[in-house]
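Here the structure is laid out as structure tokens; the discussion comes afterwards.
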Amino acid sequence: MSNWPDLAGRIEGDTHVLPVRVYFEDTDFSGRVYHARYLQFMERGRSDYLRLLGIHHRELAAEGRAFAVRHMAIDFLRPASIDDVVVVRTVTVGIQGARIVLRQEVSRGGEPLVAATVTVALVGPSGRPERLPPAIRAAFKTGD
Amino acid sequence: MSNWPDLAGRIEGDTHVLPVRVYFEDTDFSGRVYHARYLQFMERGRSDYLRLLGIHHRELAAEGRAFAVRHMAIDFLRPASIDDVVVVRTVTVGIQGARIVLRQEVSRGGEPLVAATVTVALVGPSGRPERLPPAIRAAFKTGD
Amino acid sequence: MSNWPDLAGRIEGDTHVLPVRVYFEDTDFSGRVYHARYLQFMERGRSDYLRLLGIHHRELAAEGRAFAVRHMAIDFLRPASIDDVVVVRTVTVGIQGARIVLRQEVSRGGEPLVAATVTVALVGPSGRPERLPPAIRAAFKTGD
Amino acid sequence: MSNWPDLAGRIEGDTHVLPVRVYFEDTDFSGRVYHARYLQFMERGRSDYLRLLGIHHRELAAEGRAFAVRHMAIDFLRPASIDDVVVVRTVTVGIQGARIVLRQEVSRGGEPLVAATVTVALVGPSGRPERLPPAIRAAFKTGD
């Protein structure tokens, strides 16, 4: 959408950067952001990173394909609160076969809040992982 | 699942009754249940009501059909809090063409918290509403 | 955040306008946006509208106050899908005592998807509605 | 609630067991359960496990305390789908200082879907971790 620049964040060097506002829906009664919400923030980061690389969920879905998360290791370091703007940073650390390993960080004012290593796989119509097609591999190389 | 009776609630007279526990995920930083969460509680009630009437989302989906919410009028009367057990009551108030009108209430200890009138429609593969098939109409009659 | 302009949308005339991306988390197995998600999109619109008027949830919370939704009437007209950018428009239609009545619309490419009338109230430390303080009333007038 | 037995699951030996129904809200457009949802299922398991041990979020909150997740390592092995009943199993593997380490598994019909190691800490009014009070330590011993 031309009149909302940066809605999908930006790629700065080899890192995708996406700002995310904390709304009511993201918090819980402890007054902080609910832990599982950071996974949604990170998924938004991954989706917009793919989008800027030219890879769209809808096109993948038309072929019966989707990216699925296979493994996450997550450190919850500091909490975010209502009205905060946090930044999700995503960088590819490896591609092998059907799998992409990403490093993601959620921070606020440069202070890390959540850090994660995420392994995603491309899953085909059979429900089984599929070797990443050349176009997707090439897109990630362009992102390098 | 035979060893977890009542997991889908019960039909008592013409009313489906489902208990719902309030967890962290349902609350927001105000300390109360986030308003949109009650819609999820009510959707669980509708799904389990249909389930007990013998109508399953997965079977509908296999035919390219799904129930979609068309209209809701909702009064948020009193808040629920963490650890509460609330009860969702669902009753059919009318069936016409593609539409079912339901009355739903979320209460705690007999005290109403949220009251809603919900219109759902059966949507077919074309994305357009479809007249309810006789089996579904009959299921609702059995529920009377 | 100075380098992410428009993160809280814009006020155009008397209407607050906020673009919202549809992510995985917003969809359900029907392939469309889950109905209760539109309420979250609309809550983001209301929060950012208040933000641009100078009213912040965190400051209200420090005084034991929060806005709570009292009534919603919602028409779900057309579905949104993954990767869509929808726009949430919010306009105040009335202020009386503790209550603000807003009209909200979610649209895509100018086509309305969801239309709602929403009544919110300012709730004080006692849990009871409080007459809107002059500063908040004045902020809404500025928005006129 | 006396007339809804097992709403908080059961402790069988040293393992807490909670059945969870998959609803519309839990799925995404891929047709499967959205990955972050399993964290909510696991949090429900932990909350009900604590509940059956006699530890209540609301009482902790009255003292300015809350359990917070510090680390998770999660394997997403197989997907769940709409209408499924999955079972969340939770077992304590260690308690040290402010921290409890739990092993959690989400399965369907005995087949593991998601397996996680979760470290939670008790956080006090200052926002810093607090050594677990004797009553909480004792409750976990009872659970042994």
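So that you can tell them apart, the chains are marked A, B, C and D in the order they are listed, and the count of residues begins at 1 in each.
Criterion: contacts are C-beta pairs under 8 Å (C-beta built on N, C-alpha and C of every residue); 3 or more make two chains touch, one makes a residue touch a chain.
The model shown is predicted, which means the values in this text are computed figures rather than measured ones.
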Pair with more cross-chain C-beta pairs in contact, given A-D and C-D: A-D
From chain B, the most remote chain by mean C-alpha position: A
Where chain A and chain D are represented by their mean Cα positions, the distance between them in whole Å: 25
Whole-Å gap separating chain C and chain D, where each centre is the average of the chain's CA atoms: 33
Chain B: positions in contact with at least two other chains: 24-25, 29-30, 32, 36, 40, 43, 57, 61, 81-82
Complex interface listing, chain C residues touching chain B: 29-30, 32, 35-37, 39-40, 43, 57, 61, 66, 68-76, 79, 127
Chain B-facing residues of chain D, complex: 1, 4-8, 19, 21, 23-25, 40, 43-44, 47-48, 51, 56-58, 61, 81-83, 85
Chain C partner contacts - residues on chain D that touch it in the complex: 24-25, 27-32, 34, 36, 81-82
